[in-house]
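Across the two complexes that follow, chain A remains constant while its partner is chain B and subsequently chain C.
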Partner chain A sequence: MVSEAFVTLTIQTLVAGTLFSLVGVSLNLLYSVTRLLNIATGEFVMIGAYTTYWLFTEFSISPLLSHVLVLVLFSIAGAVSYILAFRRLTEQGVSEKTEVASLLIFFSIILVAQNFIILRFTSTYQGYAFMMQSVNIFGVNIAANKLVLIAFGLLALLAIHLLLSTKNLGLAMKATIQNRTAAQLVGIDVRLIDLITVSLSLGLAAFAGSLLSMTFNFEPFIGLYYTISALIVMVIGGVGNISGTLIGGMALGLVNAAGSYYFSPGVAVAISYGIFFAILLVRPRGLFRGIL
Partner chain B sequence: MRMNRRLVLVTLPVLALLATFPKLGGTYQLNFLISIFMYIALVQSWSILAYSGYISLGVTTFFGIGAYTMGQLWNAIPLALIPILGGAIALLIALVVSFPLLRVSGAYFTILTYGLTLLIQSIILVFETRYSQVGTAKIIVLGYMTDIVYYAMVAVGVSAVIVNQLVIRSKLGKALYAIRENEEAAESLGIDTYKYKLIAFLLSSLYAGITGSLMAIQIAWIDPYTAFQPIVSFQTVVIGLLGGMGGPLGLLLASILFSVIQQILWTSYPFHHSLLLGVIFLLVVSYRFGLLSSIRLLSVLKERLTPTFRSWWVSRVVGWFKGL
Partner chain C sequence: MLHISALTVLYAGKEIVKDVNLNVEENTMTTILGPNGAGKSTILNTIAGLVATYRGNIEFRGNSLRGKRAHEITVMGISLVPERRQLFPELTVFDNLRLGAYNKRARRKLSKLLRMVFEMFPVLEDRIRQKAGSLSGGEQQMLAIGRSIMSDPYLIMLDEPSLGLAPLVVEKIYSALDILRREKGLTVLIAEQVRWGALSRSDKLYVINNGRIVACGTPSQLPINDIWQAYLGASGA
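Coming up: the complex of A and B.
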């Protein structure tokens, strides 16, 4: 007989871990390919959540459909934003200056995104009820939307993993991560890779938001929490290491679930930051080395 | 020497004006100047570390520690001691966290300083919810203090400018520039990079702590959320990068420019000001990065580009005629 605590913890770990992995991959992919440090990752999550909420409450479009819609929509938005803003930054090769300039761009995006959402939806918590019926798993009642979240999230992560490990596009991305100049020399169109990366990254972040809107309530300032989680996951996994990021996301999910279950959500957050610091103290370049 | 004399000639009237300002202007103008000098103090001290290429997003951490100290102690010990104490506590915590912090570089450093703010905030939150019986917010009630805060803030801001200039001229500044160019090479030349980074980090933390303590009187409602506002870090970095990190002057101009823009937006569009500020940043960063640092470059570029421009125009005009 599986104990109740075990089932609850596993589900909570998977819920949090999937979300953290998604935002972690989003941040890590973008940073390692283009050196754009997206401190607005959480804001894209937040906007994704509000988009699905808006589609559901105004047009009664099922969130199951919205998840895909949001992914596609924000991928297109990412491609457009690359053409409008980021191309200028990455055109002359990537460097420290790209990083610093990207901080400013993303900070502006934070300001615009938060205030736009506050003006449109006010700054109070929002949420909607969707697939609230409970499913019995080993004697524990779990809301069905959590299972949907896990299934959709893991599917997306699997797709990313397959894309990066088997397809030519994935290989080209990894080559760009390893050495941009050399990748150009062997005939990889780095600008195209940049375009695809930005679009994929923003799409994934918004997709994570869309998923979480089914389960959690959200407000315009939840972004910071997901940004910092993504940063922690990236540091655990190592820059440019996408498989490590998946492990890191699940690990952070576990810490969070266990901390919330045994102590309180506040303590869980404090513990995650503590672990983050401890890892950097021992391994200043992240836990997992190399590119997988 | 002549440069110095000219500098004194400009500075002295400005300082005299600032000193008499509380007699001339109203409270609104005074508060506006306080916010300008807050940005000056934060940015000037932040840039000392930034000279070494280490971009810190952790100004809020020490600003918040200072503010929180004021919130806890304002009715317990003499008021004049608290900014000093706030600065000292910020310095102490900076010393402790510098151990993991200064071992990493590049984006890791930036990320870690950002995380530090949230770590300290969440530690205080956990501590408060566990040990505090009633509400956790502290309200600072001091009556009319704007004059005193103003003078203190001006003093801190001006001293930050002076310290920044002294650092640039000194061995410390040279070492920090060397670290920015190439940290390993600097180390191999016998520069104790850790020591200089530590001094720069401590200096910027000290100033952020003192500034936070003073601004807490203005904020007046102090809890872990109002004390630790990550936006303060971001504003500091934005101003610093706009100022070009070439020295105190560019940063000074950027601080004033930023405050003025913010104030104009705040008064004319109370509901949309942050949105507009974001849009302005976006345009500035995307299309003309390093606004103020390029002023000096502009004259050089003008000389070089004018012939090219002229020939460009000539060729366009000739081409237009040929097209007829």
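Coming up: the complex of A and C.
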């Protein structure tokens, strides 16, 4: 007999872990390839959530469809933003200067995104009811939308893993992460890799937001929480280590689920930040070293 | 094959390379000699497309390299083995080599090129599943050269290939370059600090100091005394 606590904890871990992994991969992939440090990762999550909410409440478009729509739309937006803005930061090579300049850009994106959403949707909590019917898993009732969130999220993470395992594009991305100069010398068009990375990264962050809108209520300021979570996951997994990021995301999900279950959500966040701080002190370059 | 005329490269407002003319003929080995900071690396990096802004002309097999980006120049058949090797340390030896053949022309000949590299450096085949970062210095240099060969180049350029290596390993690397030129028809351009052993193998030498070519000729035309003098920068000193 599987205990109720175990089932609940597992589901909550997977829900939170999937979201954390998605934002973690989004942040880590972008940072390790281009040195653009996206402190607005959470804002893309937030806007993704509002987009799906808006499509559902205004046009009755099923969130199941919106998840894919949001992923595609924000990937395109990412590609356009690369061409318009980020290319200038990365085409002369990437360095600390790229990081500093990107912080300014992303900080302004935070302000614009939050205020735009407040104008359009006010700053109160929003949410909608979709696939609320419960599914019985080992005697525990779980909302169907949570299972959808887990399934869609894990599928996207698996797709990213497979993409990075391909011997052309995947290997070229890993090569660019490890040594940008050498990547150019072997004939990799690093601008194309940058374009794909920015596109994928922003698409994934918004996709995570779209998924969470089925399950959680949200307001214009949820972004910070997800940005910090993404940073924690990147630090656990190690910069440039995408598999480590998946493990880090699930680990943070477990801490979050257990903290919420046995104490309270507030305590769960405190524990997460404590772990983040401890890892930074002991292993500032991340728990896992290297790629894959 | 490679014609450089009136090349001037500025870095941070300073002329690192001044008015350099340099010719590399097909199927020869050419060496650029010069002390640390003379501008050798800058010349090679500019040819490879890593330095985008320069004055003067670089022509390769009849095509100007102006405006071409590094990955396009690799596709045209120029490959640089950069200073300090610049491998992908967390990837395996095999993945490093496979990345060398990233361009489409080379990808089609992947297995043939691999065989050629393993023939030249059998140790790489033994280490094929090992991470590049775990190799010894000499093995890393062999891998860097191997990775370059994988791109199926016409011209292979090496930036201080002997730096930090034991004399025996250096000898091995230079004899491999000899084979590349004699048997595979490659053209070789090397930048080195003084290494007398390398000079005898070269068809042509350029001596560079403070960004300028101060002497050039065949090894027999440029006796060691002349090279020293060029190094010291003063005639009759």
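Note that the second predicted complex is superposed on the first by the 291 of 292 C-alpha atoms of A that agree within 3 Å, B and C clash if a C-alpha of one lies under 4 Å from a C-alpha of the other, contacts with A are read in each partner's own complex, and residues count from 1 in each chain.
Operating definition for what follows: contacts are C-beta pairs under 8 Å (C-beta built on N, C-alpha and C of every residue); 3 or more make two chains touch, one makes a residue touch a chain.
Everything quoted here is computed from the prediction, not taken from an experiment.
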When chain B and chain C are modelled together on chain A, clash or fit: fit
Touch check for A:Asn115: first (chain B), second (chain C), both, or neither? first
Using the touch definition from the top, say if A:Ser134 reaches chain B (first), chain C (second), both or neither. neither
In the superposed arrangement, does A:Leu231 touch chain B (first), chain C (second), both or neither? first
Taking the superposition on A as described, I'd like to know which of chain B and chain C A:Ala85 touches: first, second, both or neither. first
On chain A, which partner's contacts cover more residues, chain B's or chain C's? B
Using the superposition on chain A described above, determine whether A:Leu37 touches chain B (first), chain C (second), both, or neither. first
Angle at the Cα centre of chain A, taken between the Cα centres of chain B and chain C once the superposition is applied, in steps of 10 degrees: 80
Regarding the shared-chain residue A:Tyr273, is it in contact with chain B (first), chain C (second), both, or neither? first
Output check: A:Val190 vs chain B and chain C. Expected answer is one of first, second, both, neither. What do you get? second
Quick check on the superposed pair: does A:Ser62 touch chain B, chain C, both, or neither? Answer first, second, both or neither. neither
Minimum C-alpha separation between chain B and chain C after superposing on chain A, in Å: 10
Any idea which chain B residues touch chain A in the complex? 53, 55, 57, 99-100, 103-104, 106-108, 110-112, 114-116, 118-119, 122-123, 125-126, 129, 230, 234, 237-238, 241, 271-272, 274-275, 277-279, 281-282, 285-287, 289
Going by the contact rule at the top, pick out the chain A residues touching chain B in the complex. 31, 37, 39, 84-85, 88, 96, 99-101, 103-105, 107-112, 114-116, 119, 224, 228, 231-232, 234-235, 239, 264, 266-267, 269-270, 273-274, 276-277, 280-281, 284-285
Which residues, counting only chain C, touch chain A once they are in their complex? 48-50, 69-71, 74-75, 79-80, 82, 86-91, 95, 98-100, 102-103, 106, 131, 147, 151
Quick one: which bits of chain A touch chain C in the complex? Just the residue numbers, please. 167-168, 171-172, 174-175, 178-179, 181-190, 290-291
